[in-house]
Amino acid sequence: MTSAAAEKTTYREAIREALREALRRDDRVFLMGEDVGRYGGCFGVSLGLLEEFGPERIRDTPLSESAFVGAGIGAALGGMRPVVEIMTVNFSLLALDQIMNNAATLLHMSGGQFNVPLVIRMTTGAGRQVAAQHSHSLEGWYAHIPGLRILAPATLEDARGMLWTALEDPDPVLIFEHGSLYNMAGPLPADAGPADIRTAAIRRAGTDITLIAYGGTLGKAVDAADELANAGISAEVVDLRTLRPLDDATILASVRRTHRAVIVDEGWRSGSLAAEVSARIMEQAFYDLDAPVQRVCSAEVPMPYPRHLEDAALPQVADIVTAARQAVG
Amino acid sequence: MPVLGADMDEGTLLEWLIKPGDEVHKGDVIAVVDTAKSAIEVESFHTGIVERLVIPAGETVPVGTVLAVIRESVPVAAGAAPGPRARPAGGPAAAAPPAPPVTAVAETAARAAPPATPLVRHEAAELGVDLTLVHGTGRGGAITRHDVEQAAAGPRRRRVSPLARRLAAELGVDLDAVTGTGADGAVRAEDVRQAAPAAPPAQATGQPAAPVPEAPRPAAPGKARPAGTSRRPEKAAAMRQAIARLMARSKREIPHYYVSNTVDMGPALDWLRERNRSAEMSARMVPAALLLKAAALAAREVPELNGYWTEEHFVPAPGVHLGVAVSMRGGGLITPAIHDAADLPAAELMGRLRDLVNRARAGRVRGSELTDATITVTNLGDQGVESVTGVIYPPQVALVGFGKITERPWAVRGLLGVRPVIATTLAADHRATDGYTGARFLNVLADLLQRPEEL
Amino acid sequence: MSPRRAPGPKASPQEAPAQERPPAARHHAELLRQMVLIRRFEEQCVELYSAGEIHGFVHLYIGEEAVAVGVNQALAPDDSIVSTYREHGHALVRGIALDSLMAEMYGKSTGCSGGRGGSMHLFDASTRFYGGNAIVGGGLPLAVGLALADRMRGDTRVTACYFGDGAVAEGEFHECLNLAALWQLPVLFCCENNLYAMGTALARAQVQTDLAVRAASYGMPSWPVDGMDVLAVEQAARHAAEAVRGGGGPHFLELRTYRFRAHSMYDPDRYRDKAEIEQWKQRDPIDLLTAHMRDAGELADGDLTALDTEVSAQLTNAIAAARADPLEPVEGLTRFVYSPEPS
């Protein structure tokens, strides 16, 4: 897919490039959300797009999540291809009714007549000491809802490539961008193309244990794998990439090979997405397990403000390493 | 509370035959326990002084529960392999009998006193844990406090990872013999692989041998009347079911072959008559004693028929524990063993047989007697059938049958005469032996019976 | 997708009997026919529901017919409609086949939503009928979005958005009116004010009960209409829709109406005064129109009976067909959660 030289870029820039490309390719595409235009996006993702594409296609909205997410749904029904940006997953709760009762259900309720080709992007996650109401990781919640597709790009390639594929999908796709990743820098070919949105990816091959992660926790899992390697434990790292549907085949193939698994998820432990993955592993790979499946999740507390407490509440590399060592024994 | 049957979960302590302060020796009968099927005498595996009785008579407790504490007078070899007390009565794998002599011999030689610090010993005493039965997970097999606490906590389902269990099945590894190195002693795949090359003979009593306790289970019939135990009608049915299961399994799994021989019992009966003439009533021998002794000696001489078929191969037993089929009043059958029958003088064998039959009919058979037979004899002579061709009790590989002694026309030195003859039969496991071996056995047997004075 | 019924009787002008009727008369006759159709359909629903043949929640439009009929006159075939759970009337006048609607009530695979939606979720792509929404206020953002799409493409289409006085309390109402006005979107907001949000009277829910005034504060032309007078509704709707279509931005109509029956089939209607209901029944929209037509000599003796007979027959057929139609096989349960994968 890449013959052009790799350029140094960031996760943020990769998304911007993806937006730019989509806006250029298809007149039906437009971006709508709070502060996406004049401000350049709360996290700087859409800097420069208003100047390039104009106010009709880069639409600043009032603080009316329910209205503009619903409008996104309506516009998609009406033949457009909107990209709705909800500033963070924390504010998406105001639009939850539109997402769950309209976007996810219209196709089914109408007996297949009305599909909703809508893409919603949201920033998610914690780690910047912004306290309880601004630190949620609700990807697992959304992944619970039939009718939606849920993505978590954790690499530059995925930041760049998932948006277009999502726009081509006839059904609503929610893309969760972990706030800690925007500054992630690295090389990316200039002509990097669309990424598939149905499969998980093995980011690191290993033999002794499978570490399963997504989004903001992928980097921690990779770091943990490095540490484990020093201790003589070969860890395989699976990046889920798509949270609904989950790519069972990749996950299970890995666990069947390594016989042990640790799932890393920034959601709260009980009823987390990690719990779902763990259940699937138990259901489908029970006889291949040599140790119970472990989960490393956030502590079940509203996110506290002070750094030391926030760190203690979030999954950390050390926690992943400990869990892995426990499983390997 | 020992495990005396594969599906025994609990037992009722009927009677203590010891009290604190008593001196007990290994092998002494110290209590009577009622299982679902019969009352069984429990023997001590240790020598020492009874310190205290933990469970009072009349109480029903799960298997594995500590019944009493015996303070050992001297650190002795453990003797039997970790007996049933250390094992949960989980599945068939757990029903390893107090090990057959093979294990006892091997392990008695090999095993020293379990290493434990005084602190650990004290804790064990406090909790009523028998240190010889505790598996040490400390360095060099030392018993740690945790081990003691685990043991005191009572029986627990053995922890085996799904993968390990699957591997064990595939590799033919006996899980009971595998030491788990996972959390809380969990057995993991690596542990199984370590144990895989060959399960040593001492471990032969593991999984495949599980049915052994089932075989001679003395489910007494509903009407037997032994000392104060209540016989429930279900017991007869349960016994029948157990027999049914076992016999069906035997026929299903064991390719039986049969050989038979007719033996001149003249010399034997003559010898008996002479001997009995000068013996007291109580010391009179019956032909059965000679038959059993001859069978035992023949088994010693043809060891391929004396032992167990486990895990696709035959494991010879070092001694001959002759199982004797005893029919019970009211129906049912048990086959308790006379230990080391080949070494007993015929007279003593006689005494043992009598005692065994009485106790068996009274429902008071020892656990080890139920589980230790290495070859079994069924003698239906007194029932009047001419020959009996039986069904082998797995995991044994042979069953010797004797019919009744009858007078038949016989060629003696070229002349027609009448001799008392007996039909001897052998049903054998064709996986372990061929007809040649079976024939040899019967020939040896016939030969022995011609020289009764040597029996 | 399951087979749909061929479109049945639609809104079409009645055939003139022996003598040629003047356009106005024909027009009024058509309006009457539509209102009677809605009325009889709803009355049938009462019977069928009580008999246990249709289930779930059923919200009846009896008394409010003039609103759907009148507003619809102002809408073009390719305009969009977003409605509420009290949408049987809107669906009927929009032209969704009667048989298809009845089948949907029965949950049959031939229903307009494939049987999947039921009373509250009537959808029809061919008439741009975007439901049937069970969340109060939940449809307003959809309407804003549809209008946004039209606006961005330069289409001169109107999106008619129906909602009740209850929706005025929801945050979405305010967000949507504001956004529509801000972006000058072609939405015709039709507030069917029947004075009650389920069991709560408007006066107990709103400080400002003059809803047209409320809407006007969002910077859009807005006025109250006598919702029991179908001709008044039609006139107001035509005026507003034309303005919207002409690029005049969103408009708001407060259609003052009343439902003669309870909120839904489950509702014992304890919160309303019987006298009040009787008073409003004096202004039954069907009676108002027939009186008007009689005064104008447009209604002959027997016309009403003939109309009733015709409508009854249509309904009887529809019910018979719906009863006989197949249910969707259970194996199809997970269809339409996602669009089919391209093969």
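Order of writing sets the chain letters: A, B and C. Residues in each chain are counted from 1.
Here, a residue touches a chain if its C-beta (ideal position, glycine included) is under 8 Å from a C-beta of that chain, and two chains touch if they have at least 3 such contacts.
Owing to the predicted nature of the structure, the values given are computational and were not obtained by experimental measurement.
When every chain is reduced to the mean of its CA atoms, the largest separation from chain C belongs to B. With centres taken as mean C-alpha coordinates, the chain found closest to the middle of all protein C-alpha atoms is A. Sorting all chain pairs by how many C-beta pairs they have in contact places A-C at the top. With centres taken as mean Cα positions, chain B sits 64 Å from chain A.
Between the Cα centres of chain A and chain C there is a gap of 41 Å. Between chain B and chain C, the centres computed from C-alpha atoms are 87 Å apart.
Interface residues of chain B facing chain A in the complex, by the touch rule stated above, are 161-166, 181-183, 188-190.
Every residue of chain C that touches chain A in the complex is listed here, in rising order: 1-2, 80, 82, 111-117, 121, 123-125, 130-135, 138, 140-150, 152-153, 171-172, 175-176, 178-179, 182-183, 335-339. On the side of chain A, the complex with chain B involves touching residues 259, 286-291, 326, 329. Contact residues of chain A toward chain C in the complex are 30, 56, 59, 61-62, 64, 66-80, 82, 94, 97-98, 101-102, 106-115, 146-147, 149, 170-171.
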